[in-house]
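A short worksheet on the structure shown next.
Residue numbering begins at 1 within each chain, and the chains themselves are lettered A, B, C and D in the order written.
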Amino acid sequence: MNDDAFKYAERLVPRSYIDLARQARRSYEQQIRQIIEHRKLPEQPLDENIIEQWLNEIAQMDSNNFEGNIGVGEREGRIYSSLVARRHYLFSHGIGRSGDINAIQPKAAGSSLLNKLTNELVLDAIHILGLRTITHALVIPMATGMTMTLCLLTLKKQRPNSRYVLWSRIDQKSCFKSILAANLEPIIIEQIENNNYLQTNINEFEKQIKKLNQNEICCIISTTSCFAPRTIDNIQYISNLCQIYSIPHLINNAYGLQSTKIIHEIEQTKRSNGRIDYIVQSTDKNFLVPVGGSIVLTYDKELFDKLSHIYPGRASINPTIDIFITLLSMGKKGLIDLIQKRKNLFNIFYEKLLQWTKDNDECILSSKQFSPISIAISLKHISNEHLTELGSMLFTRRISGARVVKLGTKQTIDSYEFINYGAHSSNIQYSYLTVAAAIGIEENDIEIFMKKFDSIYQKLRRNENSDD
Amino acid sequence: MNDDAFKYAERLVPRSYIDLARQARRSYEQQIRQIIEHRKLPEQPLDENIIEQWLNEIAQMDSNNFEGNIGVGEREGRIYSSLVARRHYLFSHGIGRSGDINAIQPKAAGSSLLNKLTNELVLDAIHILGLRTITHALVIPMATGMTMTLCLLTLKKQRPNSRYVLWSRIDQKSCFKSILAANLEPIIIEQIENNNYLQTNINEFEKQIKKLNQNEICCIISTTSCFAPRTIDNIQYISNLCQIYSIPHLINNAYGLQSTKIIHEIEQTKRSNGRIDYIVQSTDKNFLVPVGGSIVLTYDKELFDKLSHIYPGRASINPTIDIFITLLSMGKKGLIDLIQKRKNLFNIFYEKLLQWTKDNDECILSSKQFSPISIAISLKHISNEHLTELGSMLFTRRISGARVVKLGTKQTIDSYEFINYGAHSSNIQYSYLTVAAAIGIEENDIEIFMKKFDSIYQKLRRNENSDD
Amino acid sequence: MNDDAFKYAERLVPRSYIDLARQARRSYEQQIRQIIEHRKLPEQPLDENIIEQWLNEIAQMDSNNFEGNIGVGEREGRIYSSLVARRHYLFSHGIGRSGDINAIQPKAAGSSLLNKLTNELVLDAIHILGLRTITHALVIPMATGMTMTLCLLTLKKQRPNSRYVLWSRIDQKSCFKSILAANLEPIIIEQIENNNYLQTNINEFEKQIKKLNQNEICCIISTTSCFAPRTIDNIQYISNLCQIYSIPHLINNAYGLQSTKIIHEIEQTKRSNGRIDYIVQSTDKNFLVPVGGSIVLTYDKELFDKLSHIYPGRASINPTIDIFITLLSMGKKGLIDLIQKRKNLFNIFYEKLLQWTKDNDECILSSKQFSPISIAISLKHISNEHLTELGSMLFTRRISGARVVKLGTKQTIDSYEFINYGAHSSNIQYSYLTVAAAIGIEENDIEIFMKKFDSIYQKLRRNENSDD
Amino acid sequence: MNDDAFKYAERLVPRSYIDLARQARRSYEQQIRQIIEHRKLPEQPLDENIIEQWLNEIAQMDSNNFEGNIGVGEREGRIYSSLVARRHYLFSHGIGRSGDINAIQPKAAGSSLLNKLTNELVLDAIHILGLRTITHALVIPMATGMTMTLCLLTLKKQRPNSRYVLWSRIDQKSCFKSILAANLEPIIIEQIENNNYLQTNINEFEKQIKKLNQNEICCIISTTSCFAPRTIDNIQYISNLCQIYSIPHLINNAYGLQSTKIIHEIEQTKRSNGRIDYIVQSTDKNFLVPVGGSIVLTYDKELFDKLSHIYPGRASINPTIDIFITLLSMGKKGLIDLIQKRKNLFNIFYEKLLQWTKDNDECILSSKQFSPISIAISLKHISNEHLTELGSMLFTRRISGARVVKLGTKQTIDSYEFINYGAHSSNIQYSYLTVAAAIGIEENDIEIFMKKFDSIYQKLRRNENSDD
């Protein structure tokens, strides 16, 4: 309804009431205008219906939704099913053009606008979270693993003679496989143990760089967010090496945006002039949307453009829509609250587990400081055969995400062999259980977990004894 | 409502009425059961509400939707916004696992089931469309360009010493860039002109194979669906070469599933023992869903598995959901009707344009037989400066998809230079306009296009004369 | 997005593309503006997403949807469930005020606007359907029966000494019961048979008026839409009587808007100066929305106001929303097409049944001219016990709406006894089956009905013979 | 998906994962089964998606949603617009039959089931709220005013010679007009003042009964929920009179279910053998759904049946759907919490206003005990002309629901004149402001109200002084 329509509405409803409505509408239009103008999250959450209406408006800027549009091309944004059309808010053209994932589509001004704006809002969210020096953010409609591969292909293109990736071992298959998918060769740097937890083997990194021709190294991959007992990689040191030896540095920050500690480490690294090329993180793990997108951050326009340009063809706008809705639903306030709440619950979870280990002659196998999201506890008193049972008992009691890691598990990925797979290191002392206080967790989850886990543990431990 | 619930319902509503409802419900349950059992499209379209309800049921098989589920991992399928949750039918876990895009997720039986089942339904749809010998279909949640890159990376992994891709020129940037993104080197084989249209330069292909070490050739890329005057590549000949010289063959069949002619060519090629490794097609261009997915077809389990395995990590389930909904909404009947309708409308469009060229001393620049989707017409009487105007006049009159190709356009992609970019060949005689009768087009679109285009053309042509 | 927002969008997407979007948006805003300005249906259907977006905009004019609204009353339009909120597009205040169902609510400018506008659009639809002289239309959120009662209460209020309603028998319980609910006394005027069908007993009407004190007659109720063999009441004659004797005339036109014949009869009646006070029709039966609303038409502002004023308190806006959506989804063109299609299908159905009666020695028991929606056929050769079976066999074979009427059925409503209930007359000769070609019926329905019915009929008729 | 479908799913996804899903599904099916079996609210809220899925299942029990249903009647539940169909979950047949609003529809087993079940769930909710002796609850798809009329028509039918309604004055137009709509004559019993608030004039009631022939009295209407300074009617006394003189008693309990005090009064009245025939309450005001429905409660099957039977024809199922969704969304726990929260906020609001009156030399004009929802405060220091301004200033500052009542307002409804309309009494001493802490109010609303109101008040009061 434009101003004229409002005027004619006054013939049906008295002007004073229409005026109040007009004023209410204006205040919502102001909010929208401000978001487009300043490209910053609103302070407070936006109502769902406002977000939805705005999305509909933006979608109507795409040619497939123009009244009377005639399509004689091969890709006209037609949608067969109205269910599908609805769930995509009539967005059909995706993002990007053949040349660039961040390019404008002439046919799809709305999709292009949504894409550009969302990248800017994500950048603002990143700043709010504490990475204040980041200058570019790009939502990529592929999950972190494949996006890591894309970053590696981009780096490789700049270093055509390189073959190797120095990789600080992290037992997430997708991170390791992202190297293989790019047809690069991983050099695995094992974690070393320190005081019950694992940390980056910094000496080995330097040794490997010196051993290999540094031009043959495509990049170093460090990982910040990981499961205890592994800790945040020593990215300050690694990025220093990268700086000194002119080797690109790719940070696998999969779910690190939710941790103020990890954010702080990255920010410090940058401020102390360490080299960071790309930082990759998941949209689902950090912003509570369905799996399917990731965010690449850089400090450099050229790196940003190179990544955009390498992407061949169009891509889904879906993760962009999800992030757009979610960030506006949170507002700055909601985002900060969520982060704070997670931190508090991590502390609560840690204290509960610490007490539990004391009560049961087990021990915490992680650094509270350097594993700010997950916590590992030893399972000394449970034998290997019962460990499998423990895992499956948790699963059938609807506990998801708790991982039992058994000493001695072997795994081969392509031709690469790993000892103690899952534990990030060949040298660990105990089998253990690892759990996380990730964003979105509720205190109730922690309480029920403690109860259910303890009951299973006690039962199995009693069995151990009776087995004797 | 289970059987018990129905029984208790009889206390509120007489049994005979409940019985009729029970029977109706059973007939819909049978349909669902049959689809899961036989993994074939239903003959007739399924109602939207049945599809939606089924999707909801499947989503409830994922652990994040279990009542009382406790998540203590880092990725628990939590969704912040209820808008986002709704539009994804509560699916949150994506598809695949770290190791394989087609692997089962223990946490997400529903997503896994949907993924497996949809791949099977797509395979059935492919059979219905005429590719009866295909044995494996995989929906990939990336558009065709990036999926081509993934196929290239997979092939390259098997042929670690290869560097080159023999590429039959097609002026779609995303196809060309998919080679560059994989860090491979394209060898461009220009189209040759024949009788006003362009065709595969088969001699040059053989020449290049002989010139290069065949082990250094990663694969040949042929393209079937393209804009006139370029025609379907001579894939029978190319696949023969691939067979003889043991070179992988990747077919860029972006929007070729909609053409019975193209389908026929591929099927014939396979039946005559030509080599085809992967066939890549878009979900949006063939099945009328939003941009974001593609389908890879193979005739070989090993190739299928290799492709699944190379994908690092999880991926979006979105294109899978869209295809699932769309195929069930169509049913076998709807799919066949759609294809038949397109074919008829192509013939109508061709006849109209043929008549128009006769009336205006222009000519058709395409083979009706070998360009079964698009049609090119010469624009001899419009000068270059007016050609630009023509394009923009069409655009502002809401004609989308019609392309004006001007003689002499140059384009550089990375370090590669193209003459007459857009025309697929350095040697064309006329500037021209190309349009398509793609799936989903309506007769009305063709009529309005003819009227609007003719009016613009006549106006510009008069201007030409008056400019003299 | 207001003009400023569009301007800022130009910083993200080039102006020329934004301009095209702006233009597309403007054309949709014009449509909306025109509908509010002229209060007429659009010529062509409006897209669902446009309708939905408009509804959302209107709802935001209600105070419960204002940002920062503070409610300290007892009725603040709060909605507990977001599912409920969504399905009502956030409309919560209903329509009307304590004093008048058509009054403006200061708190709810949007609801009030929607109500006023929809009543105007309904009036336009009524004019399009052929009732060109109607001046007032009111959507009432109660189905026809209860709305008839409301009309009767309104008339009774004007005629406080009246007690009787002269009622041309129609065997729809809700029509008869609407009299009883108003605590008035029905005088039943039986139909008379003429040439195999039933028609208004006009002599009896006049006789009764003369017999009773005319001031004691609250009104006459005639019925236009009914099941054959009953025909449209002779409303020209009845309204003449009403004019002469100053008795209000209430027309039960439940599903008559779909018939051009019935429309014509009413229009003729009015043009020949017959008296018609209120015409009541169903929203669901005429406009294909769910049960729950009705439309009252009058030719007189005072009668319209009296009806509005009698309604005590607020009422649901739901039927208004449904009608608003439906009329805009149809557009003028869609509405006319629907009516025309029904007429054609009625003729087809009639011809098929006529042929069938000839083939089976049965006969048509209705006037093609005066029963323009339904058709009755004799069931001479089926005995009474088998008639019941016939009905239930149709039902279990998912034929709904076909009615088997058995000679001799008795029914008592309150203290009133009816012979041959269902047949509208004490004097009919045969048991029969009656079916309708109502709005929304498809040719396919007719074909399948003929097949299924014939098969059941033949089976039962064979049984008759074998029973002998 | 039935059991067979699950079995075939095991061919696609390992059995152990399917088993977990099966188990999760079973636990949700149990919940549904229990609700149907016991017809009681679940203890805990049900998830929205479970509710929605269940609604879809129930809707599929209606014949219009049967696959292959053939409709040859005049009312086949067809829906033109898919938007409309969706928002009604495909329910189209409404509730009731011609004869009875609570009757089963053979065509619509699902709608019938939903109707019956919802009435039972409402009854359970009523018991939870404290009216434990109520035996029948009926959701009527009309708002309270019209439903009061329906009750009056039902009572009048049983007492054909009655003409009067004894009515304890309450200045809600819809209550008064419900009497006029039923063509009955109100006898107005003014409130009397007592200690700054108003209460039932019990002597006048008895006087009027004695004065009139008691058979001419159709019923007495008392009101429980009202705006201060009026208090809950003395229903114990009134129902006693009704018992003694055999006069029906209709309680207007519009928004009384939210108050434990009002509930207690009704329960006590019943337990002390007072006569209560029907209790009418709004669905929107008590259960936070959109306007459009009401609930009638009785203690007597015959009264319940009479009310059901009088309703002529079908009716909307909408309020039933809304209540069904809302009650399941609340669960028993949510409902109790809501009531408790309201009570607490009322106390907070009262204390704040009390303090405010002390600070400003105004006074509370209501009984905390007998006006348990709303509070009135004097506005001694604001002159009449400024009072109007106060109201409109509140309105434009988005305070809704606060009512300014000016001494001396006159109002005529039909031929009845009221002095001090809005104040429920001819004799009040001050103009005043009345506000409510109704269900759904938030503490934040109270705080912002206090701030905004005080600021307006002070400004106007300063103006008063400067006017001098």
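Just so it is clear, a contact is a pair of C-beta atoms (placed from the backbone, for glycine too) under 8 Å apart; a residue touches a chain by one contact, two chains touch by 3 or more.
All values reported here derive from a predicted model rather than from experimental measurement.
> If I rank B-C and B-D by number of C-beta contact pairs, which comes first?
B-D
> Which chain has its C-alpha centroid at the greatest distance from the C-alpha centroid of chain D?
Using the mean of the C-alpha atoms as each chain's centre, the farthest one from chain D is B.
> Using Cα averages as centroids, what's the distance between chain B and chain D in whole Å?
Chain centres of chain B and chain D, defined by C-alpha means, are spaced 56 Å apart.
> Counting only Cα atoms for the centres, state how far chain C is from chain D in Å.
Computed value for the inter-centroid distance: 29 Å.
> What whole-Å value do you get for the distance between chain B and chain C if each is reduced to the mean of its CA atoms?
One centre to the other, that is 48 Å.
> Hey, what residues on chain C touch two or more of the other chains?
Counting only residues that touch two or more other chains, chain C contributes 20, 24, 48, 52, 63, 66, 82, 106, 395, 398.
> Across the complex, what residues on chain D touch chain A?
20, 24, 82, 395-396, 398
> State the interface residues of chain A toward chain C in the complex, per the touch definition above.
Checking each residue of chain A against chain C gives 1-2, 4-5, 8-9, 12-14, 17-18, 20-21, 24-25, 27-29, 32-33, 36-37, 47-49, 52-54, 56-63, 65-68, 82, 90, 104, 106, 109-110, 112-113, 116-117, 120.
> Can you tell me which positions in chain A touch chain B when the two form their complex?
Its residues touching chain B are 48, 51-52, 63, 66, 68-84, 87-89, 91-94, 97-99, 106-107, 141-146, 148-150, 153, 156-157, 160, 172-175, 177-178, 180-183, 225, 227, 254-255, 282, 284-285, 287-293, 310-319, 321-322, 325-326, 329-330, 338, 373-374, 395, 398-403, 413, 435-441, 445-446, 448-449, 452.
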